[in-house]
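One chain, chain A, appears in both complexes that follow, with chain B as partner in the first and chain C in the second.
Moving on to the complex of A and B:
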């Protein structure tokens, strides 16, 4: 069960679709030259293929183990993590001020896909650290930044997000953990659940970011503050000090990501865990959103990362496994099941969706990079809107599709797919968490229809659809059979999305839109994926005119886009009917009738 | 984690949708009175709820264990199986000649749904026995029937199907197991894999039905014969004799159905396993189809059976779990997540699809019952065609939906859904096998487009669509808002299916149709489900006019049908585009380009 990072495919998107060269021209991103990024991708491919991928299956089987409050990661993980930090893989996009490499988020996202393909359980540790770094960097005092960020950026300390409590999952208003001010710090008491890498043996210290309430805090989400709570306190000379009053009570027995410890964390069983306020009191939710937006994008990357791994396994099995006469085999002896039309259907569905999702994931990251670094303020503002609009699509759509594609990967293997040793089932088990954590798909959909669509009167959506129209014009002008086929389905799909958006904006309250919000999210995600893969096809068409073009490769890009348009975009059209007509019946029954 | 059989829903379909009263009027089915069937459903509900359901989770955790060729089922399974046979649950539809109860397959299928909801791993044992009984009853000599059927019908012996070999999965032409004639029997040598309940401790004997090749047999599927190979030979006085030369070499470590042993069986490691020919030489594949058609329908029942269990768990959790302000709650304190619109969407999707699938599963069984017992030969012929046409839909569509719905069931639970102890994940793990075994969805789709559609020039399909048109007329004539809403989506869906069928019939060879055959299957399955649930709505509307009608219940039936029409049938329309336009791009790449 090997993994070979799709460096060529990733570089294609960076260089020919989302405009890495233009990103590298922005002030502060000068280092992100094509040559450097190519070298990073190659090195990352080696590390993820040689070091992380071989630990994926053994990590699943062995799992992380809890004993007396300590968590032991599977064999080989500590060594792999050391290599990870030594090579600086966790610090690509972090600020150079704290030891990071200052590269665009787009480049970091391209690399992170490889982590999750190779070993999603492993990738979660730096994923969480990254969110914690972002929250501290954006909102904490200089003192906290100086104390925590260098080690976290380096990766020798990891970070966690502590939001959920037994009674407070999607609803953070119900958070009960207490924080009592004492001198320069606070004493934290409470229990947090589902804390990914809340305890482990990979790093010297673990920096918990914890949502808690001050004694006099207002009720609900307006009374939540954010605290830094280190596992080990830090002495003034920066050495590690006493153990803080925080412990891992147990870890969960889960469907997947067995090697990633999901911890129940207890704060303040004795005197109270010492914590430091991030930013201002009662602003915790706002700060947490910094962390969550970052993490949501990263979880979307997991969605297609794990699907890419499942695809590689499926296509390799389909080449090797012989079964029956094949319709598409080149001769009578060509019995690899890859030559059965329905196996092609599955592989094309996997591959084309992965390329569409990867395109969207990197486009979203590029939007955030432009929002940060572009010289034109109006562009920065528009790109911020774009990144925020695309985030719930990247998270919601890519993770739902991740599950679906990993399930298709199982199917390619037939009976073998159901046998655990084959490994295809692990990808499905692992993928299944992604539509749940960092906000379920329903939460993403609420974010999409509320904060990202209704709140700005549809401005962000209208800008997006207008950019899609431009691509449609290019497809039509290309005078090329496949581009025509793509535009034939892209055009009504854009129109459907526009109509569904107008319907949404025309509603008086959120009840009906909430009943079809997930359909709306999947519709927009699919369409946005179609937009990205159509741009990929246009880029391929242009590249075919260059000397020495790799026609086989570029033709495949075009055909994958056509397949996607003909087999995925029709669902956008049916989604229009579902969004508009299906809302009322969804909520018409009394709950007792269910 | 309890299970309460949906007796009212099942009886509703039997009595008001598929016409149990008319079935009971057919010669040989006189016993199937409403009263008797009601009593059977109630008793079955008790048995499955009290005995089978409590063993489901413990069975998963413990699993069946292999040791030195023996397989030990989980704690409590032997006792449960004894109760099962003592109550005659396995023999409902078997011929009275061999101790069966001679009831319609429709009634048996209604009961079998409960087995699979309660405990899919358990239900597989009698499911396989049933297939073996059918094959012997239809094709074996009287002597074999007399020797084996009474005990198998009683359930004290179980049956297995031995088709697959390492090199022969979907392609049975590659079967290599040998059968050498010796006197009145044959000596069987070879290895079979994926043999469900190939070895276990629930019954005194296990009767294997084995596909093998005679020494002089022609190559390919025309050279396969079917043999009865008992684990213990039978003495002339009907007592158990010597152990046959067949053994279980190992069992598989699987994603789900852990309690159901999936065995590698070795035949003839020593002198050869003694087997008895069923019917004629080289006719094995034809006979096996008897078994497989029966088993395929039964696996389709598993698909919605497991989804029903997942639904019950999800709806119960959604009522209990409080989280956030709910839009649909009756007052400000009504925080059960069932009152969040998207949770409703999930529950409505699960429930309406289950009702559609149950309707289709029972309609298919009723067609086979009519094919067997109807007094009019033309009706018998039409109903045979109908049952055969619906079988791949029941198997393919219901099992694919089973996976999707069980995954939605996980989603309702949020983070809890990913924790194994919750139990929601087990349903997803168990459900995942159903689209694979007894012929993958692709195999069902090939059967649908080939044997069931092209071969008769579309006759069966045209009869089916014409029956749907009649329901459409009734919907329109009802002069009722919800019936209008249903017909609004049912009408274009029928038209789409007709166009896709015509496209299929117009193709010169099977290559393009094979590239969209699974889409065609899902399209037809969804549409046929819509047909059934629309009939359910019409029946509910009629019943509402009766004195003492349970309006809350009947209104829910109507609203579920409307929901299904508005949210599922639009997919039938997009499927038309996908089937017709999407075939070419599916197979356009060279396999090396993937």
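Moving on to the complex of A and C:
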């Protein structure tokens, strides 16, 4: 059940595909030199491999336990968490003002992939803290920032996001939790569900960010405000004070991520939980959305992180397991099932998709970094558009693929894969939540066709497709058989995406596009992944010309890209047909006929 | 008191060593390299000694190619104060390494030199002992515990017969065995700070030390593959095989 972080592959994308050197040249990112990032990746690999990965299976089996309002995490988690915070891993991309390291989001995303591969249930705790820190840092008053951020950045306090209520899931307009102003604070009353790490024993305090309504708030999404509600109130001397009126009523029994407590939180069972307003009244949802991109991106990283772990397990099993006479073995004794062509199909599908997703995840993070730090305002704007456009792809496509690839990982193991003790099943169970939380795939698809495509008249999309055209030109100019093979499938795939986008923009009503929006999202995700892996092939080809090049490694990068182009990109073309022609039949039955 | 710690860049312990096609040595191009695990233990011990107040400065020393700077940075990220790289592209043997260390000992005057008991690439297990002979400093090799007793060290050594405790006067050379401690993980802020810590690079030629070697490598070969076993019918046959085939009795 081991995990070895793919440091070389991650560094390859950072250094040769998404342009870490260029990021490090931006003001404020000077620290992010190749040497430093290499050292960070190495140390993170050590930590995640030695400390987090060994707790993954035991954590799943034991699970977090609820008793009388307290939640006990599995054996070893407390120690691992304190090592995690002492090592400063949670503070990577946070601003130096509050004790963070101020590194680019791109570097943070590279490191976070390792958390989720090693132990997704564990990785969720810092992931949620990060979301809460972002919300406070961007929108709260200086006083709240000073009071909460240093400890949260350090990781000795964790953070949670309290959005969902039983009647308000994807539709947050239905939020009912109440907030009544009393002096300098508010009293919060209501129930929140699905609160990840809402209660646990890893940190001395838990800072909840809670969506609630003021008594005079307008109906719907325009009447939601955001509050900071600490588990323990903070005294003026910064010590921990009284227990706030918030408690964990129960935790859910779930398909996966057993070690991550998913809590039902009750606010204000007695007098009301003391909360502090973040920013202005009734602006809660706007604030949530500014950080939503980051949180969604982080869940996308989970998608390929968990797939990477499943791949490592599958490939190692395929090497060891001997069955039948193989077609690809080097000699008569070489009967590992890895030498069956169809097992190669599975492993190549896993590996190439993971590389494509990792490329896209890091490209998206790099876009947000450039949007924040680039010296040219026009580039900043374009990169913000780019990051926002890619986010639903990273979240939607990578998490859907994460499930598919973890399922393939089970398949490699045959009957053994279906047996829990093997461990391959856990990855599939854990992966299954990622397309659901932080906005389901359908919500991502709505975001993609609405906010990210139609709203700007397709500007962001046409910029993206034209960047892809540039890569297509490079592939054609490379005068190389594999690059030609890639361009052969990349070209019609781009054309298909363009046609599907035009169809979408031509619709007056959102009903038909909504019926095939997930197909549109998967199509664009797959294409964008193809764009990234093609760039990786071009980079590998260029590196092969250098002295002392690692030809075996670089040739593999090129062949993975060709495999992806030949076996994944044709799906983009068929998606065009589905998007354009498949909408009507999808919605034509009367609901009673179903 | 200063502590000098040796840190060698070696083939990572997880990497399967492969012999170069021309049999001139082990393939080191494009494979993962990292700090010799015994040296990591030595660095950890030096840091603990400093944290306990017995030392004021920990200096990480590497002798090797320019890339050995990464290994020194790893030690700096763990907490060492500064680094020295004696730069050479040659693969030096223990005697040359010991002479170069002697040169540094004279310059830096450390109270303690901490080395790994051996490096996992060549498994020589000689540098510490040779350095002791060259400098006249006391040696305590294969250490699994180090305690301070005034100007002396009480060192527990792992020897074939069990554990042996000896007392050595400082300045001394201690070589670290596997159970001396468990090296820490570098903290992220320290990894960032390591970049700014001083790292002096001295070309080997500038040391004036004769690093020429009396040895030459004839050929490097993989160990023979283990062959399938056979069932013997009698003790006599076993004895016969041991005597005449395996030639071990």
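Operating definition for what follows: the second predicted complex is superposed on the first by the 594 of 594 C-alpha atoms of A that agree within 3 Å, B and C clash if a C-alpha of one lies under 4 Å from a C-alpha of the other, contacts with A are read in each partner's own complex, and residues count from 1 in each chain.
Keep in mind that, in the parts below, a contact is a pair of C-beta atoms (placed from the backbone, for glycine too) under 8 Å apart; a residue touches a chain by one contact, two chains touch by 3 or more.
Not measured: the values here are computed from a predicted model.
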| item | value |
| --- | --- |
| Which partner, chain B or chain C, touches more chain A residues | B |
| Chain B versus chain C as contact partner of A:315, first or second or both or neither | first |
| Chain B versus chain C as contact partner of A:31, first or second or both or neither | second |
| Contacts of A:324 with chain B and chain C, given as first, second, both or neither | first |
| Chain B versus chain C as contact partner of A:223, first or second or both or neither | neither |
| Which superposed partner A:439 touches (first chain B, second chain C, both, neither) | neither |
| Residues of chain A contacting chain B in one complex and chain C in the other | 553 |
| Complex contacts: residues of chain A adjacent to chain C | 4, 8, 31, 33, 35-36, 38-40, 42-43, 46-47, 50-51, 83, 86-89, 91-92, 101, 548, 550, 553 |
| Contacting residues of chain B [partner chain A, same complex] | 164, 167, 169-171, 173-174, 193-194, 252-256, 315, 319, 322-324, 327-328, 336, 338-345, 347-348, 351, 403, 407, 410-411, 414-415, 417-421, 425, 428-429, 432-433, 435-437, 440-442, 445-446, 485, 489, 510-511, 514-519, 552-553, 555-556, 559-560, 562-563, 566-567, 570-571, 573-575, 577-578, 581-582, 585-594 |
| Contact set on chain C toward chain A in their complex | 14, 29-30, 32, 34, 70, 73-74, 77, 185-189, 191-192, 194-195 |
